[in-house]
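Here's a structure for you.
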Amino acid sequence: MSVPFLEVDNLRKEYSRGLINKRITFSLEANFSIEEPAIVGMMGPNGSGKTTLFELITGSNLPSSGRVMVMGQNIHDVRYDERDRLAIHYHQSYQVRSFHRTRPKFMMQPADCEYPMVHLFDEPQFNTQDGYIGFMLDFFRKLRGEGRLVFVCLHPNEPFHLNIMREVCERYIFVRDGSLTLADDFDKLVELEPVRDYLGRLVDVA
Amino acid sequence: MNNNTGFGAWITRPMLITFAILVSLPFWIDSVGLYQYLGVEIVIWMVYALGFNLLLGYTGLPSFGHGAYFGIGAYAFGLSQLHITESIWLGLICAILFAALGGAIVAAFLSHRRGIYYALLTIAFGQVFWFLSIKWHTVTGGEDGLLNIPRPDLNIGFASFSLSSNEALYYFVLALFVVVVIGLWRLVHSPYGTVIKAIKQNEMRTGFIGYNVWLYKWSVFTLSTALAGLAGGMFAMAQESAYPDVMSLHASGFIVMMVLIGGGMVSFWGPVIGAAVYFLARDLLGSATETWLLWYGLMFMAMVMFKPEGIAGAWQGFIKRGDASTDGDKKPVTR
Amino acid sequence: MDFLINLTPHLVNGIALGLLFALIALGFMLIVGVMEVINLAHGSLFALGGYFAMMIIGVEPGWFGPLGDWYVGLPAGARYSFALVLGPIAVGLVGMLLELCLRGTYGKDPLFGLLLTFGAAMVIEELIRIGWGSGEQFLQTPPAISGAFIWNGLIWSTYRFFAAGFSVAAIILVWLFLERTPYGAIIKAGAHDSEMVRALGINLSQLRLYVFAFGVALAALAGIIMAPIWGLRPHVGVDAVIPAFLIIVLGGVGSFVGAVIAGVLVGLTVGITGAYASEWSLMSMYLLLIVVITFRARGLFGKKSMLEN
Amino acid sequence: MALFEAQHLHKRFGDRVVLEEINLSFEAGQLSGIMGPNGAGKTTCFNVLTGRYKPDRGKVLFDGQDITGMTPRAIARKGISRSFQIMNLFDDFSVIENVLIAVPQVRDRGFNMTRRVAADVAAMDKAAVVLEQVGLQDKAYENAGSLPYGDRRALEIGVALATEPRLLFLDEPTSGLGIDATARLSELILELKHAYTIVIIEHDMKFLFGLADNIAVIHWGQVITRGTPDELRANKWVQSSNLGKLA
Amino acid sequence: MSIQQAGLSKKTGPMHRAIIGIAAAMLGAYVAQVSVAAAGTGPIVIGITSDASGQYANSGASDRRGMKMAIAEFNAKGGVLGRKIEFIHIDTETTPATGSRVAERLISRDKVSFMIGAVSSGVANAISQVAQKNGVIYLNTNSSSPTESGKNCHRVKFVWDGNGANFAQAAVSNAIDSYGTKWQLVTNDYVWGHNTASATKALVEKAGGKIIGEILVPQGTRDFSSILLKIQQDKPQVVAAAVGGDDQKALRQQVAQLGMGQNPAWINNQQDWPDVYGLPTDNLFGVFGTTWYYKLDLPGVIDFVARYQNMYPDTKMKVPGNVFYNGYMATHSLLSAIEAAGTTNNHAVIKQLEQLKVSAADRMQHHDAFMNPKTHQMQQTVYLATANVGSSDKDDMFKIVSNSAPMKVADAKAEATCNLESFADTPVYEP
């Protein structure tokens, strides 16, 4: 495939506080690209920027600089109501699509796809008791099988969370303090110093 | 939801008692310090209140602009007498038809709405009619109203009676009241009555079991306005004039008060009791003190605070308590 | 072009009028939105605010000893400001009393709250009549905001612009209070979920008491502001409660922004019809309501509310 | 051809998407289940299927006929009936009145203003049959509002049954029921299963696994998987869950 | 419940007992109240039908005080025809429908001999219709609608206030001379407003003025800002306002705020004293009509004011106004007419009133007054007044500009439109 699925190109997002004396309270930087369908596991502590990154990818949040290309289209140039044809953000149990509307529709391009190509699952509620995990994982695999790109984002606090990640994901991204570290498989991921640091005891149990 | 006695019959014992009291009224009304004309007004407002309660008490639809249809009835009666011909039947039919027509048009706008939006639209339409009655003064006589409306003789084919005395008028009005009571009693116990009661309790479910809720809401509003029109026509006959202020928001509020004080939400007879109590209290207080509004308002507040289900409701509660001690019937008093 | 030049003053006037309408509706909206009580006594309390203010401004020497004399010596502006603060507080206390009466109606059909306040409206109006007589009264305004000025060749009332500006300030303050303070958050929570308020450990009956008092105080504030324009008589409140009602429904029950926008919309409608088809100016707001509600079932910004059931 | 089909349904409320590309089909004579975690869009899906909400996109077919966007009333008259998760009865009516008003014969005479309701013997018989089906025959004259919770659930179903449906939708019928009452309800539905085509929404997997012929799992507003109870149970995560242990 | 088990029929008790209970309660409540005035010899009972609530509550109260003072003065002299005069008041609520009921009540229950009092023409109409049906003489004291002595006149009704047409007669030619010919009308969009405006219009055109436009204001208008802007845009020299009731009060307030009371000149049909008493004088804009003022420099006025203050020391209004005056004069004239007739027979009293002539001195006005037998309106002096700006006396609010003799301001149209019932059609009533 000539066009990469997802290109996150020198993306930068800053949050600041104060009107006159601006202080940057949080910044996120990302620069990566994913060429083909996969299930990507994303981990990181709360507040590290996972959700912000998802919002930037689905176009519901404006980047400070850089751009996001989904299937070759700059997501921020696509019509608001059609962005979900490219990338879609699942928040726990429902899907969110809210946009800061800044431009009229006619200035934007339509989406080229009919069904979302990039699926971003933001902390799905995994509960071993009710048995739904199995169906969710099947769903991830089904999407992957249909040629989509799937992101699963988690803040692991139980050993089985890591098991899920290991079982279902092919690639990994670790996010901490607004910066990303990529890893090609689970073993490489957990060898990383900051990851071990963050997961601590969970890695050993898993 | 409504009272228990004789639900299936055409005529019931409470009806007979009510009729008996009302029929005998002219013989004792003066001796209790009242006057015949008050009886006429009370019975007319009873008809109005019964029709209104079809909407409020049975279907749960609050209308705060019902005076408009009462007023339309009054004007239609007056105009037909003044401009077409003097005939009681023509007048009353006009009153009913025009009020129902106005009601039907308004109901078409209303019937998709619920709760506060429903109530507000009734106010808005009521105000529009009220406004028109003043604005269109070439026809309605403006704020002076339609004056010198004749009170035609009652012509029933083979005989003709003069209604110029208040006693005669009273019996005529009472006869119509009897017809309305019997008809409404029948109606609320018919399938139609059951459906509107169902709509009051659960409008959505009624739709989901296949009823055209819109059509029922529309028809019950129209029916209720037709009765308001009938009452309005009789009122014009009693007053020999028609005034716009029976259409005002204030007047529309009073019918709501009347019905609720009487206990229209829980009893068929609530509006009847309410109309009687309302006029008696007002007449008493109004002649006793210039600040009658204060006492009236306080009485009203006390009623809502302590006996929100109204006089009929309080009575039912009283009876229920008595029953509970005898036969242990634990059916609760419903809203 | 001439038409536009002629129209402009009416647009300005309409917006000013609309802001006054919004102020009138504000307290009503709060009580409807949070407590789901349609407070028909809003109008009477509106009038009561005007009367209290008149009394506070009109204190005469010797009434309250030295403190009273000191007060009488203050400039008119200061006394007026006192009235603007104390009047609503006093009416707020009356409102608390009314709220206690209302308690029995909570959880029942909203009709009962509506009827109780209808009764209260009669009582308050009659009490005003007993206390101050049924005649027309006059609320004095300080010289700084009285009089008129000329703008674009037309005479404009200074007070009206003060009143419109005051409305804007009051609206913004109430908005900030609701949106930016923890109290506001609690009130809004109470509007949507009384269970949650209880879970948060907040005394719901106290919350309702204060919200009602606050809403009623806003009614009084509007009454004080409107008194120099509409005049002051026992039944002046009737003129306030209907527009308030209308605006709330037009804007959508429970929507703050909706109420403000609807207020301005009604003001513009009444103002412009007042200029070009004055005989229809009163009717126009009802027609506006009918049109809007026909096409938008819950008003401009309405959300689902218990009052619909 | 399936009795009831939903094709490509989409529904959103503001910026919240609740249904995305829903495709479902229910075969006549079968009991189908829709399940999913709380807040996953099951009830919305149900509401779209039964006409309470109009979908933004997509079609609903009943018996080959497009019923998308029809009013609940029209859909009900076509023979689709539903019960509600949040109890939706006529609380001031007696039990039998609740059922009676749903009987089609009574419905057809709804505008009759002179007849007595109770005089309609055929309808009364029909209502009595329904009450027996749902086990409320002894409580026919009690006030619906004062019934115990479990009986109210049964009455919910009774009202839906009284409309003589060709397809019966039940929305979380076990919600709020204890173990015993749930078991009784299971029995009731097992009996109904022979006579009706039924679709049940449930959060409780165990309940559905024991009853349904096939199940669709809804999450994130989408059908994430579907199959027979056995197929679904084969999943290793299901087996290691509470459900797997119980089954 | 609409459906009931067949076998379990309920007892018949509750409603039965309910109704008996209510009937008993009704009886009990009224037993104490029963009182009937014996006809012919007992006291003469006057039914006072003035408003105590609604728009005209305040004027109604003033009206009432006037009647009571006249009654008290007659009783002090020993009553009329040796009979004491009593009164009974019922609130007519500024509502015609209530007016009808009150009139029916007063006549049939309280057996009143006469009825007095009205501010609102609607209420007056309602009452007079009932009065005419029963032959009870009714005095409309304070309603200034021209229709009262025109289209809606009755044999039993007598009208004591000047009407809109009278006031317009007095004001128009005067104003054209003083202020200019370019007139604009601001008219309350209801019958009284239209009648008054059309009277003004005819007079203006007859006197050579020009009407540049008429702004119709719906009844119930509280905000006149857009209308006042419109007036400024149209630039008339004179604005003739026929705006009544609460609308007028709001208009006054808003005109005063703009300082527009002087320019353009306002002709404000009429100004009732209770409506303006206690307000700052800049609220009284323009020129307006009235029938009496407490500072008229005529004999008897000072004594009259003193009697008022003596009788009503606690009332807020320290001096009597035109509404009080009309109420007093009407009652006074009625009682005098009864005395002159020597009977309370309505036909006799009506005939007396129809030829009523009151000297200027007795009426404390500048000209003699008389009852027009064709319209039953009191023809009296009409005064034009304006605000007494700069007065140090808080009570002295008016400055009387001119007075016009009754004939000069007569309402010519009234006689053409009024069609009194014949005596034969008026039932005899002798209380």
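Labels for the chains are A, B, C, D and E, by order of writing; each one numbers its residues from 1.
Everything that follows uses one rule, which is that a residue touches a chain if its C-beta (ideal position, glycine included) is under 8 Å from a C-beta of that chain, and two chains touch if they have at least 3 such contacts.
Because the structure is a prediction, the values reported are computed rather than measured.
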Topological distance between chain C and chain D, in contact steps: 2
Distance-maximising chain from chain A - centres being C-alpha averages: E
Core chain by centroid distance, with centroids computed from Cα atoms only: C
Separation of chain A from chain C, taking each centre as the mean of its C-alpha atoms, in whole Å: 49
Distance from the mean Cα position of chain E to that of chain D, given in whole angstrom: 70
Whole-Å separation of chain centres (CA-atom averages), chain C against chain E: 34
Computed distance of Cα centres, chain E from chain A, in Å: 82
Chain B residues counted as touching two or more neighbouring chains: 1, 7-8, 131, 135, 189, 193-194, 197, 293, 335
Shared interface positions of chain D, touching two or more other chains: 97, 100, 117-118
Chain C: positions in contact with at least two other chains: 126, 129, 279, 282-283
In the complex, chain E residues that touch chain C: 53-55, 57-58, 61, 189, 215-218, 220-227, 229-230, 232-233, 246, 249-250, 252-254, 257-260, 274-280, 283, 316-317
Interfacial residue positions of chain C with respect to chain E in the complex: 6, 9-10, 13-14, 16-17, 126, 129, 133-138, 146-148, 154-160, 228-231, 233-236, 239, 270-272, 274-275, 278-283
Of all residues in chain B, those that touch chain E in their complex: 1-8, 13-14, 17-18, 21, 30-38, 41, 131, 134-135, 137, 141-145, 147-148, 166, 188-189, 193-194, 197, 235, 239-241, 243, 245-246, 251, 269, 273, 276, 280, 283-284, 286-287, 290, 292-293, 312, 315-316, 319
Residues of chain D touching chain A in the complex: 12, 15-18, 20-21, 36-41, 205, 217, 219-222, 224-225, 232, 235-238, 240-244
Chain C - residues contacting chain B, complex: 38, 101, 104-105, 108-112, 115-116, 118-123, 125-127, 129-130, 242, 245-246, 249, 253, 279, 282-283, 286-287, 289-290, 293-294, 297-299, 305-309
